[in-house]
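Both of the next two complexes hold subunit A, though its partner changes from subunit B to subunit C.
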Partner chain A sequence: MRPCARRLLVAAGAVVLALAAAVPALALTGDEIIRRMERHERHDSMQSTGSMEITDRFGTRTKSFMSTALGDDRSLLEFTNPEEAGQKVLRLEDEIYLYFPDSEDVIHLQGAALRDSVLGSDFSYEDMTGSSSRLNDYEVVLEGTEEIDGHETYRLRLTAKRRDVVYPVQVAWVDSERFVTRRVELFSRRGRALKRMAVTEFREVGDKVIGTRLEMSDFMKKESMTVFTIDDIAIDEPVDESLFSLEELTF
Partner chain B sequence: MTVGRAAALLLLATAAIAAADLRSTVTIDARMNAVSHPEESVWLGSGGSARLDLAATGNRSVRGQLRISADLHLPPAAPGAAGSDRDHLVTSLGVERAFIRARLPGFRLTAGKTRLSWGRGRFFNAGDILFGQNPGFSSGAGEYLTATDWLVAAYVPVDLRSFLEAVVLPPPLPARLADTAAGARAVIRIGELTSEAGYLFGPDSGTSTQREHRAFVSLKGALAGVDWHLSAGSALPADGGPDLREAAQDRLFVTAGGFGFVDLGPESGLLNVRLEAGVRPWRSWQEQSGTPSALDRYGLYLFPEVGFAPADNWNLSLSGVISPIDGSAVTAAGASWNILQGLTFSLYVSAMLGDADDTFAWDRAGSLAATLGARFVFGSS
Partner chain C sequence: MNPGRAATPSASDRGAGLRYLLLLAWRNLARHRRRTVITLLALAFSIAVFIFMDSMLRGIDKESQRNLVWYETGSGRVVTSAQHDDLDRVALKHELIEYRRVGAVLAELGIANTPRIGFDGEMFFGEGSLPIRLIAINPATDGEVFRLQDTLVAGSDYLEPGSSGLILGAWMTDDLGMVLGDIVEVRTRTRHGAMQVLELELVGTLLSPNPTINRGVGFVPLDVAQYDLEMEGVTEIALGAMPSRLGRPVAVPTGTFLAREIDRVSARLEREFPGVAAVGWPRLARDYLAMMESERSGNALLLLLVFLIAAVGISNTMLIAAYERIREFGMMRALGMADGALRATMVIEAGLIGCFGSLCGVLLGAVAVYFLVNQGIDMSRFYGDISLGYRVTAVFRGAWNPGTMAVAMAFGVLASMVIALLPARRALRLDIVHCLRHE
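Right, the complex of A and B next:
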């Protein structure tokens, strides 16, 4: 066989192999990709400590926290940095309570307030505490595949099923090999880009892969970025249910 | 505060802190004030304060906090006023908080100097029968819910959102046992509503020589994205008196308020808006002449407040107290800028509007005021 013909045969073989690999991938539906992704992102329980570094043109401010979550709709977040030490955020189902230790006061948040920034960061209360399945809130369409930071990803478009969903449209890039989120862009109903989140570091915890460094940019805030880092994490370990109560919030 | 009791509680607090992880926080404030004066154009003052917080953390069953503050300031005076700075310097050192909080079987115990927030309301709160139903207006950062006292409280959780709480407030020594105040409240969540009812028996909040019964009821809920609250409280003298009904009517205080966010759109952010009303139905509903008094002369006062964060580290606020019956008001506008980790600059300007015998008057000392401040918070966790 002439060398040219051999090269053609090898190339054709490679194309066939690539197509063979792509067929099952493309056979996945958007919902199935979300389900596989959420196997890494949703847990029976999670305990973590970490920090948020908020950077703007004047410098960086760091907020540290410890967090415990149980299921989709219960979480307790306590800030530990000196400026906000003792401030807590409790999520109980669709309600959020804020506790301010200086005034021993409890504020109840709901509705649009869930979109309010947490301590001036690029994260909202919904971003920080919400973890219900996207399949409950969004219609998912697989738009194709793209390479993000050297990794093959599925590009998914999520469109809110209801008007009360905080982010009406999301575009997510999900690693096609590990099924972890690599990037998410959040849009308003009119299609304006609101935020971009990139997950830049991962850690294996048991059989799950957890994003431990997230960069969030709020496009409405100029020259601003928040880096959310998880330092310690424990997943699916027993958690005392009494943590998620007003008694614990005000302790 | 008595030295013996303070020492005992401080010892206990220190022991609690020593037994657990320690978080320390230092807050330093520096400020310059300028206030108007009827006879001089502007009086100037300056000062600062330092606050040390030590808190026990890391123990799920017991925590404690000790907060010591020192204040040093020169009260506003006319530029070039006679006397050296030392003559006018005001210094104070105090224990703002010293308490232990512990989980015991079936209840939680709090003992020491701290605060409990009863009722609802940032400025007008008929349910706050412990620390006062309306504080003075703050032309600064609006830190209203800060009063503390020595107390012992037991908190009994009923469910995730409901609880019972009993409190005893011992009097400063030397004192009679009869000067002790004691009471309880119940906070019960029913559906979407949170109801609260409380009672306190103790010295008269005005004279401190008589004893009285104080009680309140409060409702809190959310409607169309607005958190609302409605409270009513009153007091009766313990020794009866000639006309209990008249006494109860005179002390009847009804407060109502709403707090919500106005969504300016995804591109603009949120405006937080609060409006509270303080109503004394049996007080005067017509303007009166005479000496101005505190916020209890007329039947109605209002407290509006608006806040907005145009950027990550900027906060703007506008608040005030309006006395609609005599047509006077005090208003304050402020801006704070958290420029670096722990460092915040602030500027607050306030103004009173009204005639000489109104609740707020233009020609009164301090009717115009400005405070420029810097706060730095640092510590370890």
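Right, the complex of A and C next:
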């Protein structure tokens, strides 16, 4: 056999082997990967404490919080750091209410105010709403596999099904072994990268794997990063439903 | 005829008496020339300051309204009924799809108009970002309603349809150190709420007489905004000058004329385009007008203070004038002059001073107002681009107000005469001996 023909044969063999290795990974559809991923992300209830480290061009500051969530549409976030102690953010479906203890005032966030950032972080109040399944809002396409921080991931492209979805395009990297999100990038209608969320630490709670350290950065803002850390977490345990009411918010 | 009573003086006697008192008062003023001149100048200065202040405040108010209409709101706006009910929150979802047909009807009614989209965003440049109000305009028709193009200070071309051009206020570009050709990104939302980023090139800067435009507003081409914001229509149609019966269009319509025109437009639009309504500029700028109303209260207080200072100045000089002459009054009373005649002399003296002082004050004030109207006062050294709420830049201009001048003149005369009564009364209460001994 001529050397040239032998090289061709070797290359073809390599391609066949690579495809064979990729088949199990690509056997899953994008929708199935999302379903498996959301099994770790959606809970009947969740109680946690943690902190939010906000870095921008003015420096770094840390906010601590207690959070309680019930299902997909009710949550209560209370800040515990001295500067914002007692400030609460109540979410009832897509409605957000803020409570300020100094003025004993409740503000109902509406319209453009929902786009404001939470205490100057890279999260907006709007990011806290609408946690229904991504499959309701996006068409999911599995684009392939990639290695992220030494972990094999599925790269998924999520394209909004409707024009009213806040982030028209998302690209998500989902751990192919544990089915947890390792990274998500959010894009504008024109395809401009807006934000990146990277999950760098995880903790097993029961049969679920929960991301406990999230880094959110804004591509358009320089030196901007919010690190969201969960210290303690309990999921699917009984929660007092009366917490999620306006009466309780001001109590 | 009752022989027991003194004969009533005839009209000719009263006229002769008045002439005598006038002559006496005039001689007294001439005799105390220095005091008369000082009193007169004090009065003239107070009146002039009052006229000047009034002119400046009125001028600012008037120019503010004009700049608001010419650069910000237009004479009014045509919007959807939903937007009409909630003017505080201009939203892309209240889209006026049939804007071209509505525009044609407005033109039929003789009202210049131009379509616009107003939306908010966050502008990113270099190291930082800031919130910005963007207005998408049709460069071909915007000049029929607004005068922005005339205030272009950098950039040879106005906005080209289809281009990603951006025009910003000069104060903003100066603050941010931006130059023509710089690229900025604006993060905003589409009509449906999806995130969108517009990449724009700075093609011009404006330096308008309206500080709101100079400070925080950007202009982009309408067709580009419609594409990026996923809109078929616009959020508003701005209205220009309104036709009057006299033939000449009214550039800044106000009051009942404006209300009548808006009603006329609304009635026609309601018939042809249900769900579309017109609104006049005072409703669009009601926050500004409410602020102006409170400013006016402050201004009225300021004018009252100036008025009081003038009154105190007049009373002070009149009091001194009266006390200086108590001895003289005693002598005149000893010679047989009646108290009433003496009081009348003092009041006439004060009236003459008031008359000449006010006249000088009005003349002095008119000169100051002339300067204020034609030159204005450049306050940029004091205020820079600090917002005072008014829609005027640092040059404060005045406005003519003959009514104020007449009021100031009448006040100067009357106040002087009334104030003179007090020292006269006091002097006449003293007995003649005390008056003659008065040092």
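Rule of thumb we're sticking to: the second predicted complex is superposed on the first by the 220 of 251 C-alpha atoms of A that agree within 3 Å, B and C clash if a C-alpha of one lies under 4 Å from a C-alpha of the other, contacts with A are read in each partner's own complex, and residues count from 1 in each chain.
One rule holds in what follows: contacts are C-beta pairs under 8 Å (C-beta built on N, C-alpha and C of every residue); 3 or more make two chains touch, one makes a residue touch a chain.
Note that the structure is a prediction, hence the values are computed from the model and not measured.
Engineer: Identify whether subunit B and subunit C fit side by side or clash on subunit A in the overlaid structures.
Structural biologist: Subunit B/subunit C on subunit A - steric clash.
Engineer: Where does A:T62 make contact in the superposed view: on subunit B (first), on subunit C (second), on both, or on neither?
Structural biologist: In the superposition, A:T62 contacts subunit B only.
Engineer: Taking the superposition on A as described, I'd like to know which of subunit B and subunit C A:E247 touches: first, second, both or neither.
Structural biologist: first
Engineer: Could you say whether A:K221 touches subunit B, subunit C, both of them, or neither, answering first, second, both or neither?
Structural biologist: In the superposition, A:K221 contacts both subunit B and subunit C.
Engineer: Does subunit B (first) or subunit C (second) touch A:D44, or do both, or does neither?
Structural biologist: Neither subunit B nor subunit C is touched by A:D44.
Engineer: Given the touch rule stated above, what does A:G86 touch, subunit B (first), subunit C (second), both, or neither?
Structural biologist: first
Engineer: Give the label of whichever partner, subunit B or subunit C, reaches more residues of subunit A.
Structural biologist: More residues of subunit A are touched by B.
Engineer: Considering only the touch criterion stated at the top, classify A:A160 as touching first (subunit B), second (subunit C), both, or neither.
Structural biologist: In the superposition, A:A160 contacts subunit C only.
Engineer: Considering only touches as defined above, state whether A:D105 meets subunit B (first), subunit C (second), both or neither.
Structural biologist: A:D105 contacts subunit B only, not subunit C.
Engineer: Where does A:E201 make contact in the superposed view: on subunit B (first), on subunit C (second), on both, or on neither?
Structural biologist: neither
Engineer: Once both complexes are aligned on A, which of 75-83, 111-119 or 291-299 in subunit C overlaps with subunit B?
Structural biologist: Among 75-83, 111-119 or 291-299, only one stretch of subunit C overlaps subunit B, namely 291-299.
Engineer: Looking at subunit A, which of its residues have contacts with both subunit B and subunit C?
Structural biologist: 111-112, 115, 188, 192, 194, 220-221.
Engineer: Where on subunit A does subunit B make contact in their complex?
Structural biologist: 54, 56, 58-62, 64, 80-83, 85-86, 92, 102-106, 108, 110-113, 115-117, 120-122, 188, 192, 194, 220-221, 224, 244-247, 251
Engineer: Okay, in this complex, where on subunit A does subunit C touch?
Structural biologist: Interface residues on the subunit A side: 57, 111-112, 115, 160, 162-168, 186-190, 192, 194, 220-222.
Engineer: With touch defined as at the start, can you tell me which subunit B residues reach subunit A in the complex?
Structural biologist: Per the stated touch rule, the residues are 23, 25-26, 53, 55, 57, 63, 101, 103, 108, 114-117, 143-146, 155, 157, 159-161, 163, 220, 222, 225, 227, 260-261, 263, 266-270, 272, 309, 311-313, 338-342, 377-381.
Engineer: Note which residues of subunit C are touching subunit A in the complex, please.
Structural biologist: Touch list, subunit C to subunit A: 89, 91, 120, 124, 127-129, 185, 187, 189-190, 192-199, 228, 230.
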